[in-house]
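What follows is subunit A paired twice: with subunit B in the first complex and subunit C in the second.
Let's look at the complex of A and B:
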C-alpha cells in the first residue's frame, strides 16, 4: 500500500520537478510569443508552439503551478470550512446541527456545474473567483463526513468521562477530535485538490477563467476551438500535452487519496 | 401465464414505438408541418451552421448584427435589393427620382404570408410606424430624425415619397426598410413585446417556420405564393453544430467557413467550391477619451499604433489571410481605398518613448468568441511592452456590444464583417453630426472626440451625388482620419466559405456586401 503511494508521489514529484524547470529556468516565456505560429516540437521549443507562437512547454509548466495553487487553495478553504462546520454540527447538535445540516444538504443537492457556471459568469473571470466558487461547492461533503465522525467519537465512553471530569470543548478538540479526524481530512484534501483542478479546467474550458491566464483548461479550450485542428497535426503538440498532464496529475492525486483511505480503514 | 406474457410483450413494443416516435418529433424541422412543399423547388433542404441566437426574425426583435438582420430579411421584404452590379427591383418593380421625390411602383402580385395583398397602404403605414416605433435597424433614420418628409399614395401600387434632402444613399435607405403588414401591426401598440405568430408574417421569399433561442436553430419555409424569384429550397435550416468543418464533411451543413490551414486541402478537391470575402472582416479598437482624456493628444494615439505589431496579428491570428488595416479605416482592397493615407509601422521603442512616462492603465473590453481574445492578448502584450498596463475583460459579444453602447469601457476591441461596404459608415463613426444611434458597435466611433474637418468631409460626401466626386471626398476623408487616428484600426481578415458544387452553388455577394450567406439573393433562383 505504502509502496503504491510512493509510486504516485514519485510521479507527482517528477512532474513538479519538470515543471519547475519549465517555469523557472526554461528560456521561453509562457505569456509572450517566442517563436513562429504552430512550430513543431524541436530542440528549441520542446513541445512546439501554439498559434500565437507561445511555447507550449512553458505554458504547461505555468499551468501546473496555477492548477496546484488553485487545488491547494480550494482544498485549504473547503477542508477548513468543512472541518470546522462538521465538528460544530456534530459536537454541538441541536439548532446548530439543524442549520449546518440544512446548508450541507442544500449544497450537496444542487447541480454543481450549472450553478458554478452562473456564479462564474456573474462574478467575472478571475482565478480568485474560481477558487471561491469551487470551494463553495466542495466543503459540504467534507462537513458531512466530519459531522458523522464527530457524532461517532462524541458517543465514545472516554469522551463522556472526559466531559464528566469537566474537560472543555477545546481540550476534547485538541486531544481527541483532531487526532481522529485529521486522517479523514487528509484523504478529502487530496480528493478536493484533484477535483478542483478538473473543475477549474472545466470552468476555464467554458471561458469562465481569466481569459489570458495559462491554465490547462484554457489551453485545452484554445486548442479545441482552433478551426480545423483535427484535420491537422497541431493537436498532437498543442492539445495532447495539457490533456495528458491534467489526467496524470488528477489520477495520481486520486490514487494517493484512495490508498491512504484504504490504509486508514484497514 | 402465456396471456400475461403476451400482454407484457405488447406493452413493451408499444413503449418502444412511442419512445421512438416521441424522439423523432423534437427537431426544429418538425415544429411546422410542410407537407409536400418540397416539390417544385431545386432543393428539399439547405442547411447552414446555426448555434447562435440572432433573435426573432422580425424588424423589432432581431439582433442588430448581420446574421440577425439577414434572417429577418428572408421573412420581410423591402422595396429594393442589391446584386453584384447595383440596386435591383424587388417589392418595387420600378422606381424613379425627381428632385426630392422618389416614386415606387410595387409588384401587384406581392402578397403577405397570410394571403393578404401588399399595397402602398402597407408602405405608407410602415414609414409612419417606424417614425413612432424605430425598428432595430432604422434605415429611415437621419441625424435630424427621419429622412421622409411626406408621402403620397397615388394608387394601390404607386407611392411617391418625398424626402427632406436627396442624398447619395437616400435610394438605398428607402429601398431597404422592411415592409410591415398594416392589417396586423396597426393593432399593435408595443412592437417591442409583440411576439405572437402574426409578428412573423412578412412578404419575403421565406415564411417563418421555427426558432429556438436556446440552440440558435432556425427554420424557414419557401413561400409558395412569392411574387419574385422562386426560393431555391423548400426548407432553409440553421442547425447548431459543434465543429463546422466536421459537420460539412458529414453532410450536416451545406456551407461552412474554411479555416486558413485547410484551404489547400479543399482547393484540391474538385467537388468543393470556395469563395473568398476579401478583407471583409476586421478588428478595430475604440478609445473612450471621456474616461481617458490623455488620449485626446493625437501623438499618444499614434504611439498606440506604433506599439502594435499588427503584421504579427495577421500572421498569427488570421494565419496570414488578411492585411494590416489602413489607418484611414477603409480596407486596402476596397474600390474606395486611398493609397495616400498615413501609415504607422511597428516601432515599439518610439511607442515606449511616448507612452512609458504617462503611467496609463486601461481595461480592454473584448468579446469571448472567435479570435477576439487572441487579438486582445497580443494587443495587451504589445501595449504592456510600451508601458501601458492592460487588463483584458472578455465577455459575451452581446454584453460587449451593450457595454460599448453604454460607454462602459476604456478600450474596446470590436470585430465585425461588412468592411467592404460603400464607406458611408465612416460618417456614423467619425462625424459628430451623424453619430450612430443603434446598438451595433460596427458603426460606432470613439467617445469624447470631435474634429470639424472630418465631420465636414463625412457630411459632404453624403450630399455629393456624382460618384467620382464622392469617391474623391471619401479618399480625402480617409486621409484626414489617418492623420487624426481617432480609432485604432487593427487588421482585416479574408475569410473563405466552402460548399458542395454539385448540391448548391448559387451563393451571391452584392456590390456592397460580401457575406454570401447573409444575402437574400443567395436563397432565390437567379
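Let's look at the complex of A and C:
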C-alpha cells in the first residue's frame, strides 16, 4: 500500500518538476508564437509547435499549473463546504439535517455535466466561474460521507460521556471529530482534485472554459478541431502529449486517494 | 415511500425554478444583447420600442405572472422557439432524442451484460479475478471523452471502413433495412465502445461485491452440500439473488451516462442532444439549452428514483429476513 502510494507520488512529483522547468526556465513563451507553424519535435522545440507556432511543451507546462490551480481551489472550496455542512448535518440532526440532507440528495441526483454547461453558458467563461461551478457539484458527495461518519462517531459512548460532562460542541469537534474526519477529508480532497481537472477539461473540450487560460482540455479541443488533423502526423505531438499528461495526472491522484482509503479502512 | 416521492417532486420543482430564474437573474436582457455588438450601446432601440418589444414577449409582466404562464405553456408541451433552428424546441429535441437514447441504452445494456459476465466468470478463479480487478480499476478512472479522442485517432483514422463522424453516411441511398442498420451500427460503434469501456467497470464492481456477499450465505453452502451442479448454483442461486442491487445500480448509472454521452457525441460529431446542446451554447440559444437541460434532468431524476425504490424494497426484504 505505502509502496504504491510512493510510486504514484514520485510520478506526480516528477511531472511537477518537469513542468516547473518548462514554465520557469524553458526559453519559449507559452502564449506567443516562437517558431513556424506545426513544427516537428526538435532540439529547439522539444514537443514541436501548434498551428499558431506556439511551443507545445511550454503550453503544457503552463497548462499543468492552471489545471492544478483549478483542481486545488475546487478541492479546497468543495471540501470545506462539504466538511462543514456534513458535520453540521450529522451533529445537529433534526431540521438542520433535513434541509442539508435534501440539498445533498438534490445535488447528487442532478446530472452534473448538463447543469455545468447551462451555468457555464449563462455566467460567462472565466477560470473563477469554472472553479465555482465544479465545486458546487463536488461538495455533496463529501458532505454525505462526512455526515455518515459524524453520525457514527456521535453515537459512540465516549462522545456521550464527554457530553454528559458538559463538553461543548467545539470541544468535541476539535478533540474528537476532527481527528476521525480529517483522513476522510484528505482522501476526498485528492479525489476531487483529479475530478475537477477532468471536469474542467470536459468543459474546455466543449469550448466552455476560460479561452484565455489554456488548459490541457483546451489544447485537446484546439487540436481536435484543427481541420484535417486525422490525415496528418500533427496529432502525435500536438494532441497526444496533453492527453497523456491529463490521463496520467488524474490517474495518479485517483490512485493515491484510493490507496490511502484502503490503508485507512484496513 | 411517500417521503421519497415528496423529495422527488420537490427536487424537480427546485430544478425547474432554477432553470426558469437563471437567465432572468443575469444582467441585461435579450434586446440589449441583440441591439448592441460587443457591449457598446448602438443606436437602434428607443425607449418606446424597447417597451413595445418587452410587452410583445411578455417580459414587462411581474415575474410571478411570467412564471405561471411558463408553467402553463410547458404543461401544454410548448417549450418555446429555438432561436438557432427556427423551430419549436420540442420539435428540435424530439428529432435528436432517439439518437442519444440509442447510444445511451446500447452502452448501458452492453456494459451491464459485460460486467455481469466478467464478474461471474471470475467468481471462483481468484488469480484471473485479480487481473481483471486491476484492469477494471485502471480503466474506470479514465474520462470517457479522452478515450473517445484516442479511439478517433488510433482506430477511426487508421481503419478505412470506420467513419470519423456522424450517424449515417451522407447522401447514401439504402436498398434495404439491413443496409441502413449496418450503416447505423458502423457509425455508432466507436462512440458506444468509448462509453462501454468506462461504464463496464461500474457494473463489474457492483456484481462482484453482490456475488461475494451471496456466496457466503448459508443457502449456497447448503446447495453445495446437496451436490447441485456448479452451473445451477451460479445461475439459479447466485445470479438471481444478486440481480436486484445490480439493477438498482443500472438506473443510478443513467445520470453519469447521460453526461458522458453528451460529451462523446461531440467527440464523434454524433447528431444527438449533446451536439445540439453544444451548438445551442455556442449560439447562445438559451431557450433550447433550457429545454435540453429540463429533459435530461427529468430523465435522471426518474431513473435515480427507480433505483432508490428498488433499494428501498431490498432493505425491507433484509429487515424482514
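Note that in this section the second predicted complex is superposed on the first by the 266 of 266 C-alpha atoms of A that agree within 3 Å, B and C clash if a C-alpha of one lies under 4 Å from a C-alpha of the other, contacts with A are read in each partner's own complex, and residues count from 1 in each chain.
Throughout what follows, contacts are C-beta pairs under 8 Å (C-beta built on N, C-alpha and C of every residue); 3 or more make two chains touch, one makes a residue touch a chain.
Quantities reported herein were computed from a predicted structural model and do not represent experimental measurements.
Enquirer: Once the structures are superposed on A, label A:106 by its partner contacts, choosing first (subunit B), second (subunit C), both or neither.
Expert: A:106: touches subunit C, not subunit B.
Enquirer: With both complexes superposed on chain A, which partner does A:52 reach: first (subunit B), second (subunit C), both or neither?
Expert: So A:52 only meets subunit B here.
Enquirer: Of the two partner chains, subunit B (first) and subunit C (second), which one does A:125 touch, if any: first, second, both, or neither?
Expert: first
Enquirer: Regarding the shared-chain residue A:32, is it in contact with subunit B (first), subunit C (second), both, or neither?
Expert: In the superposition, A:32 touches subunit B alone.
Enquirer: Does subunit A have more residues touched by subunit B or by subunit C?
Expert: Between subunit B and subunit C, the winner on subunit A residue contacts is C.
Enquirer: Which partner does A:211 contact after superposing on A: first (subunit B), second (subunit C), both, neither?
Expert: First partner only, subunit B.
Enquirer: Under the stated touch criterion, which partner chain does A:198 make contact with: subunit B (first), subunit C (second), both, or neither?
Expert: In the superposition, A:198 contacts subunit C only.
Enquirer: Contact-wise, after the overlay, does A:228 reach subunit B, subunit C, both or neither (first, second, both, neither)?
Expert: Touch partner of A:228: subunit B, not subunit C.
Enquirer: Between subunit B (first) and subunit C (second), which, if any, makes contact with A:115: first, second, both or neither?
Expert: second
Enquirer: Could you list which residues of subunit A make contact with subunit B in one structure and with subunit C in the other?
Expert: In the superposed arrangement, which is not itself an observed complex, subunit A uses residues 207, 230-231 for both subunit B and subunit C.
Enquirer: Which residues of subunit C touch subunit A in their complex?
Expert: 7, 10-11, 14-15, 19, 22-23, 26, 137-138, 141-143, 145-146, 149-150, 152-153, 156-157, 164, 255-256, 258-260, 262-263, 266-267, 277-278, 281-282, 284, 286, 289-290, 292-293, 296-297, 300-301, 304
Enquirer: What does subunit A use to touch subunit C in their complex?
Expert: 102, 105-106, 109-115, 117-123, 194, 198, 201-202, 205-208, 220, 224, 230-231, 235, 239, 243, 246-247, 250-251, 254-255, 258
Enquirer: Taking the complex as given, what residues does subunit B use to touch subunit A?
Expert: Touching subunit A: residues 243-246, 257-262, 265, 312, 315-317, 319, 368, 373-374, 376-378, 380-381, 392-394 of subunit B.
Enquirer: In the complex, go through subunit A and note every residue touching subunit B.
Expert: For subunit A paired with subunit B, touching residues are 31-33, 37, 51-53, 124-125, 207, 211-212, 222, 226-228, 230-232, 234.
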